[in-house]
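Given below, in the form of structure tokens, are the structures.
Shared between the two complexes below is chain A, which pairs with chain B and chain C, respectively.
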Partner chain A sequence: MSDDAGFYYDGSEVHSGLTGRLSRAVNDHIRLFLLGPALLSLLVVFVYPVGVLLWSSLRETRGLTNEFAPTANFARMFSDPSFWNAVERTLVYSFGSLTVTMVAGLGFALALNKVVNRRVRDAYTTLILLSWAVPLSIVGLTWQWMFNGQLGVVNRILVDLGLLSEPVSWLGNSLTAMAVVILADAWSRIPFATIVLLAGLQSIPQEMYDAVRVDGATTFQRFRHLVLPYLRPSLFVAGLITWMFAFRAFAIPFSTTGGGPAGATETLAIYIHRFGVQLFDFGFASAVSLFLVVVTLVVAAFYVTRVLEGIREIE
Partner chain B sequence: MSDTADRSREEGEPRNEQGRDSKVSLAIEGVTKEFTEDDGSTVVAVDDMTLDVYDSEFIVFVGPSGCGKTTTLRTVAGLERPTRGEIRIDGDSVAGREPRERDVAMVFQNYALYPHKTVRENIAFPLVIRKFPDDVVEERVAETVELLGIGELLDRYPSDLSGGQQQRVALGRAIIRDPEVFLFDEPLSNLDAKLRIEMRTELNKLHDRVGKTSVYVTHDQAEAMTLADRVVVMNDGRIQQVDVPEVVYERPANRFVAGFIGEPPMNFFDAEIDHAEDGLRVRTDAFELVLSPSVAETVAERDGADIVEVGVRPEAFEAVAHVDTAVDESRLVEAHVTVIEPMGSHHDLTLRPVGAGDDESAEYTARVSKDTDAVEGERIRLAVDTEEVHLFDATGENVLA
Partner chain C sequence: MDTRRYRRRQRVWDLLESRYVVHVVLFFAVLFIVGPLLWMLLTSLRTNAAVYDLTYLPSNPTLQAYHVALIERGFWRAVVNSVVISSVSTVVVMAIGTPAGYVFSRYRFRFDNLVFTFVLLTRLFPPIGLVTPYFRIMSVFGLVNTRVGIIIANVYLWLPLVIYIMRNFFITVPNALDEAARVDGCTKVQAFRHVVFPVVKPGFAAGTILTFLYSWREFLFAFTVSNDLSSMTIPVATYLFVGDTSVQWASMAAAAVVATIPSALVVLFFQRYIVTGLTGGGKG
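Our next item is the complex of A and B:
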């Protein structure tokens, strides 16, 4: 600060005028000035949109009508079987992706943790992380092509190996289509789970591995009595975050199947997109969005509580 | 000295009575362990080591860090595979066996308790995973905690315990298995000084009661001396000396052992030796001594022994004023006192030879009785106990040991 900062450390103020008053205001409200920008951006990108969402969810916007009808959209939502079907599909999708992600992530983490040579391990870790860098819509398109009924590489390989007699229309069948989008979704989330679980594994002291071996544990007992308890916090963090993102997934199912066939892979996010963007029913789309936000917030609040508990324990 | 003279046993024989004629519980036979570094070079951690540990004996491996003592222990445990050589436990070769297939229990430096298990579950763990029936487990846990006096801790978690309590639980987890051999990897080094001494005494008592073969690794010579039936001094992957603590102290096999065991460490002086009529004349920059004819005889027996260094422990000095018998010239030393460190029961003096001028590297230490009239900067006259002078040849071997 320059000479006319107007504030000495003994508390005396010697300057008046604009800069003097400004610096005094900054000093008096230092928290506001430091936290202000962050709070402001939160206000703009979160609180305001949620307000708008809430407002539009209270309006009936079907067809040409656009009027205030606070319960109409919610009543319709909860009584509409298509909404509940979308919820069910979203649960299948998110828990399917969660399961595949955690199992594969744990497998990769355990394998990477076994690699003694650091350079080799770093190379593998980088490769696994690369799939994280791929934009989700590109992931969807890639998987769509891989499982393409006529030209897809998966059909080609399976037919060449003689496992299939003729190409299968993977994305044309509701069951296989769901499996493909779940796999694609999991593929994009495995790196995150792997990194978190690998960090968890590396927090286990070498001495504990030695102790459990001398104590007489078999490989499975070592995993159950040593590795798993140590990994619990990492599993919790990786699992919850993976599920939260998978529950709101849009890009992958949308770019892979567009929600098809016949809505078989239509997650809530695509469902919202259909009503809001394609059918211009903003009120109903907002109501469903609000549902999505609330569910996610509840889970997130649970997560934050656990994390804060953890911090308090460390303190 | 008389204590040593009484001991007419061979090196390597166990001290405790029950061990004297007893079986070999653990045999290390020509074990070599090499590690390959990241850059491809090979490091020999343990070099062709052979040692028999007798039943119920307490063996302590001591040496500086990196001397191979922990690697040896881990090889016995089965956590490392020897590059060459063989381990036998209770007569059976354990080559290729997993740690759980060996009858050994281990106590670790950082306790290595399972943080998610209670004290009870930690202690019971080795039995539980071996599927012992519940009532047996319960009974053995009760016995073990009574032995260790930790009954009131059973339902606590390791993070709620002090270091000493944690190490007791770790001991319990080892004891409950009733193994053929106990392995200790610097178990006391994470405790504070006072607790370490307490636990040392407790380990001593515990071994008297449990009476199992134990191999204990430490870099702390006080632990080695107080706990061991026999001390194994190691350096550079090789055994330097194996013997009871008193012999290791009084008759160190070589210069390394002489310098490593003893606190403050032994003083070493470059020396010239003359055979004289009255005995062996030893000339150094600090003093000139005449050693007894018997020493001269021993040296003469070792024909061609090229003595280049003498070692004198700080304890082998005493102020002339405090020596009862007359001190003749042959064992008199004069020096400048540069530092006096009062230790309570005695004084540690840092001395500089009279002719050394400002040469700090010529300084040596003497431990004298606490009422010695030493003044910093003044001269002092000391008598050397010539029975406790060690002679080392060019290879570092102790000529008199």
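Our next item is the complex of A and C:
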């Protein structure tokens, strides 16, 4: 059967011979045939590693020991202040990025929505999308380079404008380093939030605006009582996904500061990577991973319920 | 009294909404997004020594930093690796994920919602959690420092996403189309391939473009699986500059520009597809 044979076969031609029997078998088990490869792949590339993760978390692997000790890693994790510090930093990081991303994303989307000319709006959208497409390690390296204490362009501009009398070592101070990392993270996530929120804004029917205008609502009232309710699902999706991805972020903080100075920007992901990949302490890294997985999945459950509710609406 | 205050407030809002303000906001938005990229480009046009000049524009623009990064360091091989890995990953993921998305959009079967929830969970599962297992599995199977290893990781990372996106695109196609094709004598596979699939071709394009971009920008697994020139990707190679005792900033910037140009081109040419893909194919 050639590709462009189209669908003009009559039944008898399809159902004769070996290929015919094969195609009938496929036809009878269409779900298995189309879904099988995907589920089989997920079994190999996802379920199997998850099994390894669960198994390793039950083994103590510090130093040269490697033995079954089901509670050792979890006990160590919950009693280790360095773990709780990493949790705290990850919360600061993810909520910091969420705030910056959503505020900027909403601002950008509201502005884009006001641009009437479609070409102009597309041009702006394209330019705003650029930072999303930048490879994640390049995002970190870019911000590291811009905020370099000695050679960075940010210091140069601020000194030239007279806002700083001398260069600041942004990445050498734990507070400013965290701020820079959050900014880099948000820089990479704002386009996604903007796109999702813009789509939400554009789903508001023009008649609704007209109706509200007839009612004599002020701009603020319009925003509060028309735009915001319509935008709530988009705000939910954009915010949840932004937070979830910031919570697990590795590449951006790792390539901006490497977790420094003195661990001040070491998120949970970098913490896991340090133990699992650099120190070969698989057991402990797996236990911390499971903590991160559980937190994420609890939050993700809200999202999944939303999606499944959406399915019910479609049916 | 009250109406007057109302009007005054409304006038402030009208000003905020005026065309000029909108374009000023968008100007700063673009400056914020594009500025850092421009600065990398300007840095890459200097020599590694000229970085210490502290001028805004390179006095003698040169491509020497690119020569150092790509030829002397041999990072052109990382570019080739990136192209191969991203392309193969995209083909594999789309080939497996598209039919699966179709099934989820059409057929009811036992535990179908459960299976779909499983796919959603694999999509939302934090990849960092699987880095340690992958690191070990890859070494057991001899896949460390191989392109195949990174491609396998990419299948894990993007297959669930593609299944989800493609399902959303297929849902927009009415069931009646399949049924009409079946009445005309199509097998179920033919109905999928020759009738429904052509309708979602724009969605398929969006999925392909997204998968390619995601594979291209991926760092965590590429970095964990490979740090050898025979298989590492260009984002990983660029990162290696920072490990030097004396960082060659201009060459780092040059490698970064090389790593960013393909992404940027894809965005410039396929902006609309990316937007539909990111918003989930219209549903969900």
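The rule is simple: the second predicted complex is superposed on the first by the 281 of 315 C-alpha atoms of A that agree within 3 Å, B and C clash if a C-alpha of one lies under 4 Å from a C-alpha of the other, contacts with A are read in each partner's own complex, and residues count from 1 in each chain.
Rule of thumb we're sticking to: contacts are C-beta pairs under 8 Å (C-beta built on N, C-alpha and C of every residue); 3 or more make two chains touch, one makes a residue touch a chain.
Since the model is a prediction, treat every value here as computed from it, not as a measurement.
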In the superposition on chain A, see if there is space for chain B and chain C together, and answer fit or clash. fit
For A:210, select first, second, both or neither according to whether it touches chain B, chain C, the two together, or no partner. first
Figure out whether A:166 sits in contact with chain B (first) or chain C (second), or with both, or with neither. neither
In this superposed model, does chain C or chain B come into contact with more residues of chain A? C
Tell me which partner A:130 touches in the superposition: chain B (first), chain C (second), both or neither. second
Could you say whether A:30 touches chain B, chain C, both of them, or neither, answering first, second, both or neither? second
Quick one: classify A:225 as touching chain B (first), chain C (second), both or neither. first
Who does A:138 touch here: chain B (first), chain C (second), both, or neither? second
Chain B and chain C, minimum CA distance [Å, superposed model]: 7
Residue overlap on chain A between the chain B contact set and the chain C contact set? 218
State the interface residues of chain C toward chain A in the complex, per the touch definition above. 6, 9-10, 13-14, 16-17, 19, 22, 25-26, 29-30, 32-34, 36-37, 39-40, 43, 51-52, 54, 56, 96-97, 99-100, 102-104, 107, 109, 113, 115-122, 124-137, 152-153, 155-156, 159-160, 163, 171, 181, 184-192, 194-195, 213, 216-220, 223-224, 234-236, 238-239, 241-242, 249, 252-253, 256, 259-260, 263-264, 266-268, 271-272, 274-275, 278-279, 283-284
Note which residues of chain B are touching chain A in the complex, please. 38, 74, 77-79, 98-100, 104-106, 108-110, 112, 114-117, 125-126, 129-130, 173, 177, 183
Going by the contact rule set out above, which residues of chain A touch chain C in the complex? 6-11, 14, 23, 26-27, 30-31, 33-35, 37-39, 41-42, 45-46, 48-50, 52-53, 56, 104, 107-108, 111-112, 114-115, 122, 124-138, 141-146, 148, 151, 153, 156, 187, 190-192, 195-196, 199, 218-220, 244, 247-248, 250-251, 255, 258, 268-269, 272-273, 276-277, 282, 285-286, 289-290, 292-293, 296-297, 300, 303-304, 307-308, 310-311, 314
Per the touch rule, the chain A residues reaching chain B in their complex are 117-118, 205, 207-208, 210-218, 221, 225-226, 229-230, 232
